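Take this structure first; my questions come after.
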Amino acid sequence: MLFKTRNFDGAPVALQARNLTVSLPETPGNPQVLKGIDVTIRQGETVCLVGESGSGKSVTSLAIMGLLPQALKVATGSITLQGQDLLPLSQAQMRQLRAARVAMIFQEPMTALNPVLRVGDQIMEVMELHTDLPVAERRARARAIMEQVHLPDVDRIFRSYPHQLSGGQRQRIMIAMALVLEPVLLIADEPTTALDVTTQKQILSLIDELQQKHGTAVLFITHDMGVVAEIADTVYVMKHGEIVEHGPIETLLRQPRAEYTRKLLSAVPSLSPRAARAVADNTVLRVESLNKIYGGGGILKKLPQAHAAKDVTFTLPRGRTLGIVGESGSGKSTVARCIMRLIDPTSGRIMLDGTDIADLSRRALRPHRQKLQVVFQDPMRSLNPRWTIAESLIEGPLNYGTPRREALAEAARLMGVVGLPQDALARYPHQFSGGQRQRIAIARAVMMRPDVLVADEAVSALDVSVQAQVLDLLDQLQRDLGIAIVFITHDLRVAAQICDEVIVMQRGAVVEHGPADRVLSTPAHSYTRALIDAAPGRFWDFHNFRELPKVNHAEPA
Amino acid sequence: ETTVKAVMHSGLRVLDPVITTAHITRNHAYMIYDVLIAQDSQYQPQPQMADWTVSDDQLTYTFTLRDGLTFHDGAPVTAADAVASLKRWGQKDAGGQVIMDRTASLEATDDKTITWTLTEPFVPMLDILSKQSALPPFIMPARVAETSADEAITDYTGSGPFRFVEAEFQPGLTVVYEKFDEYVPRDEPADWMAGGKVVNVDRVEWVNMPDIQTAVNALSGGEIDYIEQMQVDLLALLEGDPNIVVEKREPTGMQTMVRMNFLHPPFDNQQIRQAALKAIQQEPVLAAMVGNPEYYQVCGAIMGCGTPLGSEVGTETLTQGGGVDEAKALLQEAGYDGTPVVLMAPTDMVALATQPVVVSQALREAGFQVDLQPMDWQTLVTRRASQAAPAEGGWNIFITNWMVPEISNPISNPMLNGRGDDAWFGWPTDERVEELKENFIDAADANAQKAVAEEIQAHAIDNGLLIPLGQYTLPQARRAGITDMINSPVPVFWNLQKAE
Amino acid sequence: MLGYILRRILAVIPVMLLVAVFVFLLLRLTPGDPAAIIAGDMATPAQLERIREAMGLNQPLHIQFVTWLGQLLRGDLGVSLISNTPVASMIADRIGPTFAIAILTILMSVAMAVPMGVLAAWKHRSGADYAVMTFSVLGFSVPVFVIGYIFILIFSLKLGWFPVQGYTPISRGLGAFLSNAFLPALTLSTIYIALIARMTRANMLEVLGEDYIRTARAKGAPERTVLFRHALKNAAVPILTVIGTGFALLIGGVVVTETVFNIPGIGRLTVDAILARDYPVIQAMILLTSFLYVLVNLLIDLSYSFFDPRIRY
Amino acid sequence: MSPVPPPTSAMQPVLRALRLPQFGWGSKIAALVLAVIVVLTLLAQWIAPHDPLAMNPLARLKGPIEGHPLGTDNFGRDIFSRVLIGGQLSLIIGIATAVVSVLIGLVIGMVAGFFRTADAIIMRMMDALMAIPSILLAIALVALNGPSVGSVIAAITIPEIPRVVRLVRAVVLAAREEPYVEAAIALGTSMPKILVRHLVPNTLAPLIVQGTYILASAILTEAILSFLGAGVSTETPTWGNIMAEGRMFFRIKPELILYPGLALSLCILSINLLGDAARDMLDPRLKKRAG
């Protein structure tokens, strides 16, 4: 079974939004954030709401909860929950409803739980607010639901604070909290985006399991088409505050009608790795037994140590792309920052064009900096917000003695290369979108004519469609300039798209290393296999609106 | 148990009446110590602890202690105690030093008798021994009086009408006294420091309130009984309150005056000193300081108006004004080159804060360049001891106040010391004034003394040894329930009654 | 935790040593001379010199410093140059009132300021917010002594509710204590309230924007629960911090209120000592207040973990 | 592509912060009041009907009378003129203290924030300085140098410095972890250049806010120093010493405290309000926040 094919036509409607319009009454021009959307969710159904960032997905969910930010107001339309009109309700009445009949879980399990209260108390609080159950009963129920969400060692976790739990565990607590009163509707706003793929898979199946058990209707908000393919019964596609298309999952993926949906789907990178390119002969970067141990030392007390990179070794030839993949905390960024010498490696060698830069002093390092550039994950924070784009772009060349005029000319030329208008140079970072900013950051790196470009999660913060543009740009630059790229990502789809070679890291160590197509199609290490398995929607070729012709890696036994 | 709570003019910090001239310490000493002989309201010496006889040749003074004198620790007061106390005092007090210079012997001839033999007759002997300021000779146990005169005592046993309650003493803040039950007062009625010191209350508490307004509020509210020195401006707040009595305490009051530094330009020049004197007029200074004319008196006498020796010769411009043009002319004549005059102005002493401001304004109007330097009193007392040039941490002018009895006599008036480096701050070298003082000592009788005093006045004004700025009294205020207070220069707490 | 406390206490030593050096140098380089005040108006320069000699003020600075430090380490704060009383007993006599009023002030301030700040943050940009902010800015804008005078005028003289001055120790009954201590504490509170209310507001604003507040609302928690159970505890650490650093402000205010209300506390003692150059007293007082400051802040640091379980030592 | 987001970043915060239309009405009034006070004090020499020092002790403590719109003080000087001129020195003390402490604090804070070796020593010294109650330190410092304008400014400035240092250091420590700083390192930018071009601008916004508080509290501290007898000479009037001198007459002539107090409070109120507005403005989180 590829997709869920359940039919809910007969099921009672859990929630219905009709012609819902949300506007910003205090902003000049009274812009509309939601423009008359219609959404129907039936008992037991999972409805996925997809769309690019800023399209209004979260606003929809908050409108249902009655938790719209002050700036936003429902202008027209209705929201009914099991036939009860929600909009006329007072705040007090809405409060009665929340958690009891509509519950919600949020994207960031790290921040969505109150850090100063024990998680058990936070679950019990829901019952305290909505029921008259005695404390003992509340506690028993809280434990029961914690077991249902498969939390280990319930006794201990019940008494723990959020920071003592892993991300996945926290999200389970959130789910437990949301479901303990068996609500009619569960709204999940990107509940797994912040989680590792393996954890994501567990959470998705948990939601599925509980939904089956309680018959809850689920409104699931995500921008990850893979997740959609895994869990949705029905999909709504949003753009600029409007629903452009909706339908059963399979229909939508096979025969998308709206142009926008097609675009959205084609931008999803394929999980089938591209063939490695011809091996160039000259190595630009060679890393040998790189180790990085954080912490230790301390005068009066030994600080805890973290061995974040263990004996990492690889070589990178000119013009090729090396992917580093692995779960959060596996040491990817550590390796990148060591190579960049933003931090000092504990031991090992980093040969850049034949020179070991691992132990060079700041001063001695300077001439080599030029050859080594970096692009970070967060495009907003990686540009100085106070500087014009031109200033940011020419900072590097000026450091190495390029005359200002020449540097400006080169900056202008690169604006064309990365697909931005010339006048962008005079503007400030905040005047660009995330994708544009990331292209600027790439242009800034390219200004230095580097031999090696390190991209640490360079596309992770971007929408799929924007992601595709940036990946194209990197590809093009690599072809034109022969730059070698170290590409760090946790997204196997992305890695499959652009890497020639891949190393897989787990707890600081390289567990697998090889050409991308081999590693991703016939993984040798169980950890790699687990990663690949966990990738949602890996059976589907979104680009071509059909299932992948064959599953081209060996199923684990 | 009756307790009188009094707000005194300052906080008591130093407990040794020999080591400091601070009035609050002297007042404290009058509470817990007794004196051999004391001044009455006619400025006459009267027996207190002792009677005396003087030999015909005026050389031998014999003091006999009266019966019943006991220290607070129960020991009887002996002549040896008195001798030790007098000797320690004699090292410190200016008048005492003069006497000691002429002393052949001072000893206890028996338990009750003190025999003091001089080398030559000395008329002011008894006046000095009975004086109220600056350092009266208080009698302490011999063991205490053995302390070096430069070191503060640490044993506060006296034989006065009150006992010092050491456990409740908070320096600068509160002092508590209890009635000394074994004290035997004289039979005569109390008259200033003389007569019977009959204590009618059980306890006296002195509290220091740095903000006089707080004190006034507290007096209105009945939280305290007595304020030693009222700010005249604030009398308005007490007006019309039947529970409160405001009155002048001492008839003579205080003198405020300017002292110039003779060592450095421009005041090393007599003409310029004269110019300064002519530039100043007393009334604005007094008005700014006190406000209500009832409580100040324009007075040019350097030894005080209303005292036997007071004379106002040569001070018309000070008292009546009109000297500015003369001052300008003098400056011109002396060739004053605009050297700035460093005027030290204490900001933290209410009684001294206003005069410098008015004086500097007056000097400026006459053509002086004035550098008014505000500082706290402590800096001032330190800096005035510096003989350095004004630009290097020295000074040209400062202003201070005296109790009139302290300066009412040329011997004790520190301004009239003309012995250069040994003189008081300002260090005038003035042989003439020294000569005149000798004449004064040698004067045969009161009339002759008065004549010399007039000469001294004329000379001192002419030479600019000081510029008197006038006299003032700060009234005291008390709850009406406090009666029979002795109206003396030193506020004392015997004799008074407190109605409950 | 124990190790942490130990390390923090050890870290206090260099700070206090620096304070000691600093204070000592500051004072000894100051013009003004305790000998002069002892000697009084009539003393001659030669007498002054003898007194300086007797008090050891003529010795070289470093010798004086070492002597003083040595005494200090033996727990001997020295003897007042002016009144000859042991400094320790002077402080002991006068620390009570200051302490009692400071604590009353902090209690009153926290009790008033925290709800004010919470309200202002909750009703951000509303009339209530502006009212609280204006009040708290006002508290920063009027000199303490003016506030004190106004309170005396209104509450003591016009209404007659409180005595105008003085201090009654708490041992003579809470009522008697409060009747004297309330006005000074209220006066001191204004600036403290301003500080805490402002800090509470700023941090509540921040916390109220956090995801877990949205979670609490999504659970259907009423606003009261959201504000006080969920938000306030999270905002507590910076509020506590400002209470700690505000302690210095409190000491400054105490000096003034003790003057205005005639309270026999250590604030006035210190100012008097500075004006009289009573070195042992000044040194002891500044060391003591600095030490109190450090101690209060240490305690506050340690209390963080009570409010925020993420903070572990 | 999502529409251009609102300019929430802290870029060009200074210029934007000073553009008044973005402030609420409270801040506009504050700015207006402050402007009036500043203009009045700047023009005091010409507006004041009397020489602030011209005295007539025989006509002291008078109520509003001919030629003295606010009456006279205890020296018979014109209160109105003194309050006008007093504003000059108060503002100078406030501004000088703010500027000097911010500049010195900035330099020390940058050094502490950027050079790990210096950090420990500098911060211990700052801790020590902070631990000494500022008002006591100020009184002692004034006693040290005599209460001239310069020493009052120094006395108020020195205790403020550690606070600025802490602030700057915190900003620098946070900013040096920013990816754009790391990017600059990767671009071969030298440390001093990074300090000056990337980090200093980050500190400006909080420093402006801090500066307004220092300005306001300096004016107040000066008043308190005067109250405690360690202020500037009464010959150079400040709001603080006018009040301190007038406090003795609070009950018989409250104007002596009322008018300078009013001027001072209005001024500080405005500065504080502007500072708070700047804080709200410059804090992107407050702007993004809703609900």
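Letters A, B, C and D mark the chains as written, and numbering starts fresh at 1 in each.
The rule is simple: a contact is a pair of C-beta atoms (placed from the backbone, for glycine too) under 8 Å apart; a residue touches a chain by one contact, two chains touch by 3 or more.
Computed from a predicted structure; not experimentally measured.
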- A student comparing B-C to A-C should find more C-beta pairs in contact for B-C
- Please report how many Å separate the Cα centroid of chain B from that of chain C, as a whole number. 40
- Message: Using mean CA coordinates as chain centres, what's the gap between chain A and chain B in Å?
- Response: 88
- Task: Report, in whole Å, the distance between the mean C-alpha point of chain B and the mean C-alpha point of chain D.
- Result: 46
- Item | chain D, residues touching no fewer than two other chains | 143, 146, 228-229, 247, 250-251, 290-291
- Query: By residue number and range, which residues of chain A touch two or more other chains?
  - Reply: 67
- Query: Hey, what residues on chain B touch two or more of the other chains?
  - Reply: 211, 213, 348, 376, 378-379
- For this entry, which pairs of chains touch? A-C, A-D, B-C, B-D, C-D
- Message: Please output the residues of chain C touching chain A within their complex, sorted ascending.
- Response: 3, 7, 10, 210-212, 214-222, 225, 229-230, 233-234, 307-310
- Complex interface listing, chain B residues touching chain D: 211-213, 216, 231, 233-234, 236-237, 283-288, 291, 345, 347-348, 350, 353-354, 357-358, 360-361, 372-376, 378-379
- Contacting residues of chain C [partner chain D, same complex]: 14-16, 18-19, 22-23, 26-27, 29-32, 125, 130, 133-134, 137-138, 140-146, 149, 153, 198, 202, 205-206, 208-209, 214, 245, 248, 251-252, 255-256, 259, 270-271, 274-275, 277, 282, 285-286, 289-291, 293-294
- Note on the structure: Within their complex, chain A touches chain D through residues 52-54, 67-72, 340, 342, 362, 366, 369-370, 372-374, 376-378, 380-386, 392, 395-396, 399-400, 428-436, 441, 444-445, 448, 466
- Message: Per the contact definition, I'd like the list of chain D residues that touch chain A in the complex.
- Response: 1-5, 7-12, 178-180, 182-191, 193, 198, 201, 290-291
